[in-house]
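Dropping the structures in below, format is structure tokens.
The same subunit A turns up in both complexes below, where it pairs with subunit B and then with subunit C.
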Partner chain A sequence: MIFNYIGNYSLIISVIISLTIFFLSISNLQKINIKKKINLNKLNFFQFFFVLVSFFSLVVLFVLSEFSNITVFNNSHTTKPLFYKISGTWGNHEGSLLLWLLILTLSLFIYFLSSKSRPIKERLLTLIFQEVIIIGFLIFIIKTSNPFNQIFPIPKEGLGLNPILQDPILAIHPPVLYLGYVSTSIIFSSSLASLVQGNVNNLWAKHIKKWIFASWIFLTIGILLGSIWAYYELGWGGFWFWDPVENISLMPWLSLTALLHCILVLEKRSLLSSWTIILSISTFTLSVCGTFLVRSGILNSVHTFANDPERGLFILIFLFILVFLSLVIYFLFEKNLKTNNNKFNLLTKESSILINNWFIMYFLSVILIGTIYPIFLEVLSDQKISVGPPFFNKLLIPFLIPFLIFMSIGPNLNWIKNKIFENKIQLIIFFILNLILSFFIIKIFGRITLTFTILLAASFYLFYITFKDLIKKDYKNISQAISHFGFSLLILSILMNSILSKEIIANLKVGEEIKFMESTIKFKKVENSSRSNFKSLVGFFEINNKDDKKFLFKPEIRIYNQPQVITSEADIKTNFFKDKFFVINLVKGENYFNIRYQEKPLMIWIWLSTILIAIGGSVSFFKRYEK
Partner chain B sequence: MYGRKVKLRILFLVALISSIILTIFLILKSLEENVVYFLSPTEVKSLNELTQDKIRIGGMVKENSIDISSEKINFVITDFNNEINVMYSGLVPNLFQENKGVVAEGFLEDKNYFKAEKILAKHDENYMPPEIKEKLGEK
Partner chain C sequence: MKIIKFLPIIFLYFSLFSSFSNEKNSQLENKIFKNLRCIICQGQSIYDSQSDFAESMKLVVKQKLDSGMSEEEIYIFFKDQYGEWISYDPEFNAKTYFLWGLPVLIFLLGGAIILRKLAVLKN
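And now, the complex of A and B:
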């Protein structure tokens, strides 16, 4: 098939272009001939273009179900709907790496176009660092996971895509997440470049801020999509499980969030420059680390496509070289950072941002250790352990309280200097009121614990303060007000959700009834039907409330033919107050069904508030600069 | 004496180092308490004393061993050398079937009985706990 060759050769051409750009930039850097027009823009475009061609060839191969291609053979099937044939392109190891590369070259192209205001040397250096990453990934793809390998004799039928990945949200989840992950590479390269050039100042901060916001927004949305998918597709009845793969996407997000706040201090006050560089390095390292851990098969999960030690080793070495090189550069050029004599006062915005950074670093290290400790232990001592939610809850929740309180106070402080706040008494009284309110909420619904009460109070407090800021009509800080309000809403919804959720799990036969709270759940019947790529069993359940309102739930079990996998499709009824979640599973034969019914208050607010957080970021991204 | 700036810097460093030490201490301490070990039925049999901690047991669901009623699901986990009876009531994942890999989390009653609190989902139909894969490979 011709597209196999087109894809393969465009990849090789892009290696050549990348090497050309790499050496051209180095020679340009040495000549210091700024006046000479460099045609790097065109080369950058061609590099992106050939990766794009290669990516499209793979898409075409998937659409045409060309099973002469191993990747297509392993991950596609003729009966699959067209939409999932296309999304299947990145639903596997090889294709997803090609997507990584595509975004990597795209972001470099955009960077070079949009950074004309920066010194040429800094841009060239950024280009060089970025090319190192691109060439590394190109070699990785061609050597260990070439998507265009062929198979002979040509099979008649493919092996199919894992059905739980056949889902509209999961089709767009990887591209969005990757946009977030990969654009941190620009932050990484640019921060190293400006470090070498001694340019780490407020102008650079202003320039790179756009990239930080862009990747942060994509990462936020990407994580949200994954979480929504896990909620309705996996049938675990929650939105966050402290699964290693989830943690791995959260870590770059935390680091990026710290960076996002830190860059503001650098922009406004020219402080924290070395800390900014360290955060830029760590954000990108965590992104690559995430790709490494997820794709190498070390973590066993939905996302793990292949179990090939060679691939894992390659990314590990690559990661090691990246970290090593960036640290060497950091220590060699650290003296270039201008130490600013601006003083830090305790009651200022900058010091509260520093405190926020400390907390985020603490959260990050807890998650990091909780995620990689089991891996190290297994490698070192052959013991298998798992670190679950209790570990994270215990270490994170108590520290969330001061974090929330600082978050309510910090944004209202001024830069540089601050008077002791004026309406101190009002704030304290309000906090005590919140404490009492939270105590009663928790007392009514059981589960009285001190931490929970204070935590609830702190989040109510944050909610009140951020809400006040939001309606203040102060458009200067509107983006921050939206994001912080979204965050308080998120914490509050998560808390209420975990306190007030109720559920029942039982095994039922058709015709049986079960009591739940003050209502009855009746299993009426099962309907069988058959589709092109799966058989479906739909259970009909009727829930009778005490006031005689009836609700019909139709959860479904799908038995896919290729590959043979059973999935549950939950039936979820959503409104603004609560979600009703019904899921069934098949257990041995078809007599008993394992059912789970949950009432989850404020579920939709968890999604909405996360969207609000991202909207706040976008407002800042599109904001025109005053003055 | 040192200047004000140096003093501040030292204070900052002390605060930084002590908070790092505190963080590491906290993390390690709760790791100790909250870690769940993963054992195979053979490893359970060879335990010297019965552990009170929460553990995970992994293996295959033995053929014809699932016994289901409206409140509970009982089954046997085997690694083809030893077996353990599991008592469970709760949600089972989609891929919970006889002759398929399974991981159960809960507490040991004695060396033959395990009271599970959670059956874990595995998303791959071909998933098999690594020990068992090794065992089958030897055969």
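And now, the complex of A and C:
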């Protein structure tokens, strides 16, 4: 098939172009020639263009179900709907790496076009660092995971895509997440370049801020999509499992969030320059680290759908080189950082951002250590332990309380110097009121623990304060107000959701009914139907409330044919107050079904508040700078 | 501001609507299910898994609860049978000092650095 060759050769051409850019940039760096600049623009475009051609060849192969290609053979099937044939392109290891590379070259192209205001040497250096990453990934793809390998004789039918990946949200989840992951590479390269050039100052901060916000928005939305998918497809009503792969996507996000706050200090006050560089390096390292951990297969996770030790080893070496090189550069050029000895008072915005970074780094370290410690322990001492939700709850929740309180105070402080709080007493009384309120909420619902009460109080507190900031007339910083309000809403919804959720699990036959709180659940019938890629069993359940309102639920079981997998599709009824979640499951060799019904208050607010957080970021991204 | 002060009451009002059950036992059951790993699945608790193994483990948990075993005793029972891997809540012992201690140590270290920074810059 011709597209196999087109894809393959485009990749090889990209390697040649990348090497050309790499060496051209180095030679340009020594003798700056303005005319050469245009030349590089074109080369950057062609580098991106050939990866794009290669990517499109793979998409075409998937659409045509061309099983002479091993990747298509392993991950597609003729009966699959067209949409999932296309999304199948990145639903596997080879294709997703090609997508990664595509975004990598795209972001470099955009960077070079949009960075004309920066010194040429810094741009060339960024280009060089970025090319190191691109060439590394190109070699990785061509050597260990070439998507265009062929198979002979040509099989008649493919093996199919894992059904839990055949889902509209999961089709767009990887591209969005990758946009976030990969654009952090620009932050990484640019920060190293400006470090070498001694340009780490407020102007650079202003420039790189756009990239930080852009990747942060994509990462936020990407994680949200994954979580929504887990909620209705994977989870039995859960949306975050502290699963290693989830943790891995959260780590770069945390690091980026710290960087997002830290860059403001650098922009406004020219402080914390070395810390900014360290955060830039760590964010990208964590992104690559995530790829390594997912792809190597050393993680025990529901999400790991493709893995191979050789690939893991390659990324591990690549990661090691990246970290080593950036540390060498850091220590060689650290003297270029101008230490600014401006006054740094305790009650100022800059110190509150420092405190924010301190806590975020703590959360990051808990998640990092909790995720990789079991791996190290197993390798070193051959002992297996599991680190799950109880561990994270124990270490995160107590520290969340002061974090929330600082978060409600910090943003209202001024830069440089702050008057002592005008209405200190009012704030304290307010907090005590919240404490009492939370105590009663928890007492009523029967789980009195001190930490929970205080945590709830702290999040109510943050909620009021951020809400007050949001409706204040003078919009000093509207994007911050939106994001912080979104965050407080998120924490509050998660807490209320976990305290107030109710559920019942039971085994039911057709015709039977069961009591749940003050309503009855009746199993009316089962209907069979058949589609091109799966058979379906739909259960009909009627829930009668005490005031005789009837709700019909139709949860579904799907038996996919290629590959043979059984999935449960939940029936979810959503409103602004709560989600009603109904899911059934087959029990082997029995004539009853396993049913699970949950009422989950404020569920939709978890998603909406995360969207608010991202909107806040977007407002800042699109804001024009005041002259 | 007045509206803000009324919010908690509105909240409480809605919260009361979703009435609650006293099925303490099933709550405890679910809590235990969530803390036990289904060892034949890929990283799922027996609460989240529907495999035969998870189902039979759930039955064992129910039996043990009915026979009057406490939550802790059930964890110990499963750890004896399948090893520590089965529990999602790692113990605090010689092999996990670092796991539990390191993050807190990092927190303290970060605090020390910040304090020093503040002090240095003030002088």
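Just so it is clear, the second predicted complex is superposed on the first by the 613 of 627 C-alpha atoms of A that agree within 3 Å, B and C clash if a C-alpha of one lies under 4 Å from a C-alpha of the other, contacts with A are read in each partner's own complex, and residues count from 1 in each chain.
Quick note on the criterion: contacts are C-beta pairs under 8 Å (C-beta built on N, C-alpha and C of every residue); 3 or more make two chains touch, one makes a residue touch a chain.
Computed from a predicted model, the values in this text were never measured in an experiment.
With the two structures aligned on subunit A, subunit B clashes with subunit C. By the touch criterion defined above, A:Leu316 lies against neither subunit B nor subunit C after alignment on the C-alpha atoms of chain A.
By the document's definition of touching, of the two partners only subunit B reaches A:Gln564; subunit C does not. By the touch criterion defined above, A:Pro601 reaches subunit C but does not reach subunit B. Using the contact criterion defined above for the overlaid structures, shared-chain residue A:Leu203 touches neither subunit B nor subunit C, since it reaches no partner.
Touch criterion met: A:Val387 reaches subunit B and subunit C at once. Between subunit B and subunit C, C contacts the larger number of subunit A residues.
By the document's definition of touching, both partners, subunit B and subunit C, reach A:Val366. Looking at the shared chain after the overlay, A:Ser351 reaches subunit C, while subunit B stays out of its contact range. Residue overlap on subunit A between its contacts with subunit B in one complex and with subunit C in the other: 234-236, 300-302, 358, 362, 365-366, 369-370, 373, 383-388, 390-391, 395, 505, 568, 585, 587-588, 594. By the touch rule above, subunit C contacts subunit A in their complex via residues 1, 4, 7-8, 11-12, 14-21, 26, 30, 34-35, 37, 41-45, 47-48, 50, 52, 55, 83-90, 95-96, 98-100, 102-104, 106-107, 110-111, 114, 117-118, 121-122.
Taken in their complex, subunit B has these residues touching subunit A: 19, 23, 26-27, 30-31, 33-38, 56, 66, 68-73, 89-98, 121-125, 127. Across the interface of their complex, subunit B is touched by residues 162, 164, 234-237, 300-302, 358, 362, 365-366, 369-370, 373, 383-388, 390-391, 394-395, 505-509, 512, 557, 563-568, 585-588, 591-592, 594, 596 of subunit A. Within the complex formed with subunit C, the residues of subunit A that make contact are 234-236, 238, 241, 243-244, 299-302, 304, 341-346, 351, 354-355, 358, 361-362, 365-366, 369-370, 373, 377, 381, 383-391, 395, 399, 434, 437, 440-441, 444-446, 460, 464, 467-468, 496, 500, 502-505, 517-518, 568, 577-578, 585, 587-588, 594, 599, 601.
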